[in-house]
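Both complexes shown next keep chain A, but they swap its partner, so chain B is in the first and chain C is in the second.
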Partner chain A sequence: MRKQFRKIVPLAGLVILIAVFSLTTDGKFTSANNIRSIIMQSAIVLVAAVGTVFVMAHNNLDFSLGGACAFSSVAAYLISGGNMYLFFILCIVFGVLCGLLTSLIHIKGRVPAFMAGMCIMFAGRGIAQTAVASRSMLLVSATKLNNLWVFIAIIAVVFTIGFILFNYTKIGKYQKLIGTNPKAAELSGISISKYKMLAFIISGVTVGIAAWLTIIRSGSVSANTGLNLEIDVLLALSLGGIPMSGGSATKMRSVFIGTLIYFILNNGLTLWGLNANYVDIVKAAFFLFTVTISIDRSQKTLIE
Partner chain B sequence: MEEVVLRAKNMFKDFGATKAVVDVTIEVRKGCVLGLVGENGSGKSTLSSMIAGVYPPTKGEMTYLGKEYKPKSVLDARKSGIQYLTQEQGTIDGMTVAENIFLGEEAQFSKFGNVNMRKLNQHAREILNNNGLDYVDPSKPIEYYSFEDRKMIETARSLSQQPNILIIDETTTALSQKGRDRIYEIIAEQKEKGTAVVIISHALDEIEMLCDEVMVLRDGAYIDTIRGDEINPQIMRQKMIGRELGGLYYRGDVESTYEEEVVLSVENLSVGGLFSGISFDLHKGEILGIGGLSECGMHELLKTVFGAIKPTSGTVRIIEGGIHLTSTAVSVKNKVAYIPKDRDKESLFQATSIKDNIVAVSLDNLKTGMFILPKAEKKMANEEAARMEVKMQNVEQLASDLSGGNKQKVVLAKWLANNTKIFIMDCPTRGIDVGVKAKIYKLMDDLKHQGISILMVSEEMIELIGMADRIITIKGGKQTREFIRSANLTEADIIEAIV
Partner chain C sequence: MKKLISMFLIVAMLCTFAACGSSADAGGTSPSSSNPAGDTTTDSGTDKYKIGMIWYGNTDAMGGTFYAWANRAAEVLDVELVWALGSYTTADELADCENLINAGCDAIYFIPMDTAANLQLGNACQEAGVFWAISNRDIIDKEIYEAVYANPYFVTHIYDNSYDVCKDMVKVLADEGYTKVCMISGDPTDAMMVDRNAGFTDGCKEYGIEILGTFQSSTDSAVIVDGVSNFLTLYPEMEAILAVSGTAGVGEAIISTLEGSGKEQGSIKVAAFDTFSGNEKAFEDGWLVASCGGYTSECLVSFLSLINRVKGNEVSDSVTTLTLAPLLITSAEEMEIFSQYVDNPEVFLYSDEVIKSLVGPDVTANDYQAILDDWSIEFVKKAVGIE
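Moving on, here comes the complex of A and B:
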């Protein structure tokens, strides 16, 4: 009974939010323009979150996202020299590189993953800031793609592929097993290092795509590209009900539900005219509420 | 008949909808050792827990030393002279040995709220010495000591004030032979002193050896009490399950039977500090048993053979293909299976469905193209669970909901699903009730006749003698002897080679 309740809370939260904002904003919330705005704002976090789910499922947190995003954009820009398609491919390549590096530091260097992620995050941002300071990085041609349907297409493709990989292949399934019980996973013949690395690589791919989307939206690479991406993704996934320690209960749908809650909350509160400072407080309260209800305390003793 | 110390009449205990104990009456007598036996779920632990003050009965009365007895807690029961030893850790991390011994009773050493540590340690020292624990330092933090030492300290604590009743609930299962012997000594000493002893155990030979009287429970209800010569494992088993076991428990034959072909070869295997120079061949269709004391290195040996521990020297080779088992992934790929001793921590994915547990190692075999379809998973899980007769609601149920015996069935189902050719088993029937044990032995026999090989470690001598074609003994990390299956092989023979 309690388990069912726990599963429904994020979805229920989303539905309630949508209902409340639809009814109280005189139709502003449900206007086509607003919905378009929400979708395009949330796309970056949504895409990055798909990859992060793989990492969280095996009980790790990827804190490199923001720095990886910045670094990938900068490196891709410098090498691609304005060629859109090359830029896209290189974003992904460098995203994967960051993911690989993070996982290597974690696995070979035996550094806790979140610390390894943070190192990459700081390094990546530092490199990006230095590069941006020395020249402007405009990619106006990218803004051609700044429209709703491109974004929806990318979200759809990334989510679908992520969903299939996570639920119907070894790559996804093993993440959940490793998160539930790494010892049993190893003794079942699963190579823990190999699959952890694959998760970080997948996270790197989605970070690369997120970087690309960021440039499309803004038309340039700046020192703040991808700022706080890792925090936004973590909050969004938590709001979506993802278990903190991963494991078998990790669901891809947390990506959608959580990201939507996050951005709808932002959007709705702004439509209400709430002071921007208070918006953060409300978000924090909502987050605390959802997570407290969602944490499965019974699971804790089982794992012990 | 000896004097009755405690009588629990018409005891009932419900946990929600589960009726754990149904109308059981038990009498505990002075200087008598009473055994409580039954399958998992028979109510034996629940019954003794109520006597020990862990929780109150739903219905029923207890009289102790002639007066009404309603303990409010275990500490309360302890103060009135009823001591309770369980299987799990009963000592608390973060406190010293002395603090643990006098937990809840520090008042006798304190003045104005300050505990006199010197006195505490002194008294603790006395208690430890009286119980053969001279090597334990009362001022050291308790985490410093091994599980077994901690259990012995706990035991010393329970005897520090002469108890009237001593309840021992499956305490011996997790101990080495040395620890078990010490408990047997204690039971004999206490019996002499007139203490009433109640012992709960799955090891029926232990019960046979120690008890004057044995009470059998099944599904929460009282079945029978057996005394004297009637106390033997066969009769106990029969009453526990309620039907004839169909004659055989272990293997029916008394000869060593296996094919000449060697399937797995271990040469000069060593892991620094644990074991060294182990060599043996495992033949097709053979059950090769390994026996030794708990810390002799045999458990780690199995993990090393499977590829989970890197050896410092030596090789483990599958003859077919000449493949070296260098990692668990390689082993699984080559149809080698490993069943760990610690079922809950090392072989089961707890907060996960039975289905996911069963298909975990067979995902490659289930693929349709590049993907693993839920339908295929469910089919395999249902088939294998049915083959092992797992008692469950359906395969989507969480593995953690199952009883110990059914959990082990799921573990076996997992490896059978992968068409395993070589099984490496570490104490496969540990903590499992008789009915399921019998099923596992039959399974092992069937596998053997199909040409599947089994390498088995067991701390139960009888199990090794009953099931193995050959038995290798390990002592202090080194191979000592090899025994061939025979009707004349006795426990004493093997014990000689391992202590």
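Moving on, here comes the complex of A and C:
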């Protein structure tokens, strides 16, 4: 019963948020413009989170997202020369490169994944800062794609492919198996290294797409591109009820639920006109409450 | 239970989509059809005009001071402010802008953290039919400049004349006979830093000062400490350091590194744009020879001109473009006055009467520029009643 309750807390939290803001903002929350804003604001985190789920499912954390996003945008910009479609492809290529590098450091170097991710985060951010220091990287043509239907299309495609891969293919199922019991997975003949690497590559693909969306929203590449993306994604997934230890309880729906909670809360508090000094406190309290209720403590009991 | 809630959620979202009104409501208003001058009610008939304030933070000197000044001015002028704090990227500023517009704001004021922010936020405001204004940044890209200046909702653009002030700071060093400096430069994609970089380098050329080495500034103090230590090691002949910015811990890091270097106190001079904590002592100890700061007045004037426009008063047919020269500080006494009265949230250098006089049908661009031209240590002394 308690387990069932924990599972519905994130969804219930989202429903409550929507209901509360719908009823208390004189129709501003439910206006077409506002819903459009929420979708477009959440797209970057949502897309990046789809790939991160694969990594978290096998019980790892990927801290490379922000640095990888910055590096991908910068490298793609320098090579594409501002051509939007080439820029899109190159963002994905360099995102995959970052994911591959993170996985190689983790697997071959036997470095914990979160540390490998942090190395890529610092390296990516540093390279981006150095490159941006030498020239302006405006991409004004990208802003023409700052359109609701482009974002909805990208979200739909990425989420659908991610959902299918995660739930109906070996790539996804084996991630959960590795996260639940890596020893059993290994003894079953599953190549743990191969599937972990695939998870990081998928994460790299989604980071590349997120980088592209960031540039569409921003119109330029800067040293701050992708700033705090890893924190936003991890927070969104936590709010969505994803277990930190991964395993079979990892669900792709956490991406949608958690991301929407995060951005709807931000949006709703602004619509309320809440004193800006209290916004972060309120958000923190809500996040703490949701995560505390929904976290699965059963594995901790086993360790004790 | 989960399926029930999911179904409820889907139905609720479908209902919200179905019930949504057209998005063209606000966008249908052209700038010229704003309320007549003096009308304090909004087009929708609510009590107060609402101004969205996208601001980087209110915990530092300038941030906190403008936060206090704007809130005070809003009370005096009977407008409501909605603040969105903490955004440092264009994507975040755009999200804040969208949320504030959706919250019913009649105008948006912001400092663009990136040149492209002018374009993106400007487009969002134009789409919604909402006036906007900026301060503290020039627009260095020609394409973006032309696009935003063609935006009919763009009201005011005020930026600080950092270039000349930076050259003046170099002149202070030149007058004291220093010829070898190192430079902590700024992000070349940041319009503000472009002016400062150019001011320093052109000033050094003009006054015959050699720049021995350079590294780019960072908000990470460790980078500054390492950079200054490297300067001291690599260039023993270095006589001074030029820094494009002293905020975010940079000034403190420079001074503390010099103090801990074993060098004689005041043997290396520092000329740092922007003030920082402990700069008065740095002047007294002989490290700091030139500082500058004090931009809050340009933020205030831009903000007031925006309110003026929202209330139906058109100062100009096109964008009102003004400049401010920050205060150049070259002594501990001037620093003391600056520290106590400028960028102090508890000190309001402009009275309620002055604020009211800057909003109205008879106000002109020259009135705003006069306020900015008056900005000096002497003005500050007069404003607080010091002889």
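In this text, the second predicted complex is superposed on the first by the 297 of 304 C-alpha atoms of A that agree within 3 Å, B and C clash if a C-alpha of one lies under 4 Å from a C-alpha of the other, contacts with A are read in each partner's own complex, and residues count from 1 in each chain.
Just so we're on the same page, a contact is a pair of C-beta atoms (placed from the backbone, for glycine too) under 8 Å apart; a residue touches a chain by one contact, two chains touch by 3 or more.
Fair warning: this is a prediction, and the values are worked out from it, not measured in the lab.
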| item | value |
| --- | --- |
| Side-by-side fit of chain B and chain C on chain A, or clash | fit |
| Where the C-alpha centre of chain A sits as vertex, the angle toward chain B and chain C in the overlay (nearest 10 degrees) | 140 |
| Which superposed partner A:I164 touches (first chain B, second chain C, both, neither) | first |
| Chain B versus chain C as contact partner of A:S64, first or second or both or neither | neither |
| Contacts of A:V279 with chain B and chain C, given as first, second, both or neither | second |
| Touching partner for A:S203 - first (chain B), second (chain C), both, neither | neither |
| Which superposed partner A:L177 touches (first chain B, second chain C, both, neither) | first |
| Chain A: partner with more touched residues, chain B or chain C | C |
| Distance in angstrom between the closest Cα atoms of chain C and chain B, superposition on A | 17 |
| Touching residues (chain side chain A, partner chain B) in the complex | 164, 168-170, 173, 176-177, 180-181, 183-191, 247-249, 296, 299, 302-303 |
| Of all residues in chain C, those that touch chain A in their complex | 1-2, 5-6, 8-9, 12-13, 16-17, 19-23, 58, 80, 82-86, 88-91, 94-96, 98-104, 113-117, 119-120, 123, 128, 140-141, 143-144, 147, 187-189, 216 |
| Chain A-touching residues of chain B, taken from the complex the two chains share | 306, 308, 327-329, 331-333, 338, 340, 345-353, 356, 360-361, 363-364, 370-374, 400, 414 |
| Touch list for chain A against partner chain C, complex | 4, 7-8, 11-12, 14-15, 18-19, 22, 28, 30-37, 40-41, 44, 129, 132-138, 140, 143, 146, 214, 217-220, 222-225, 227, 266-267, 270-271, 273, 275-277, 279-280 |
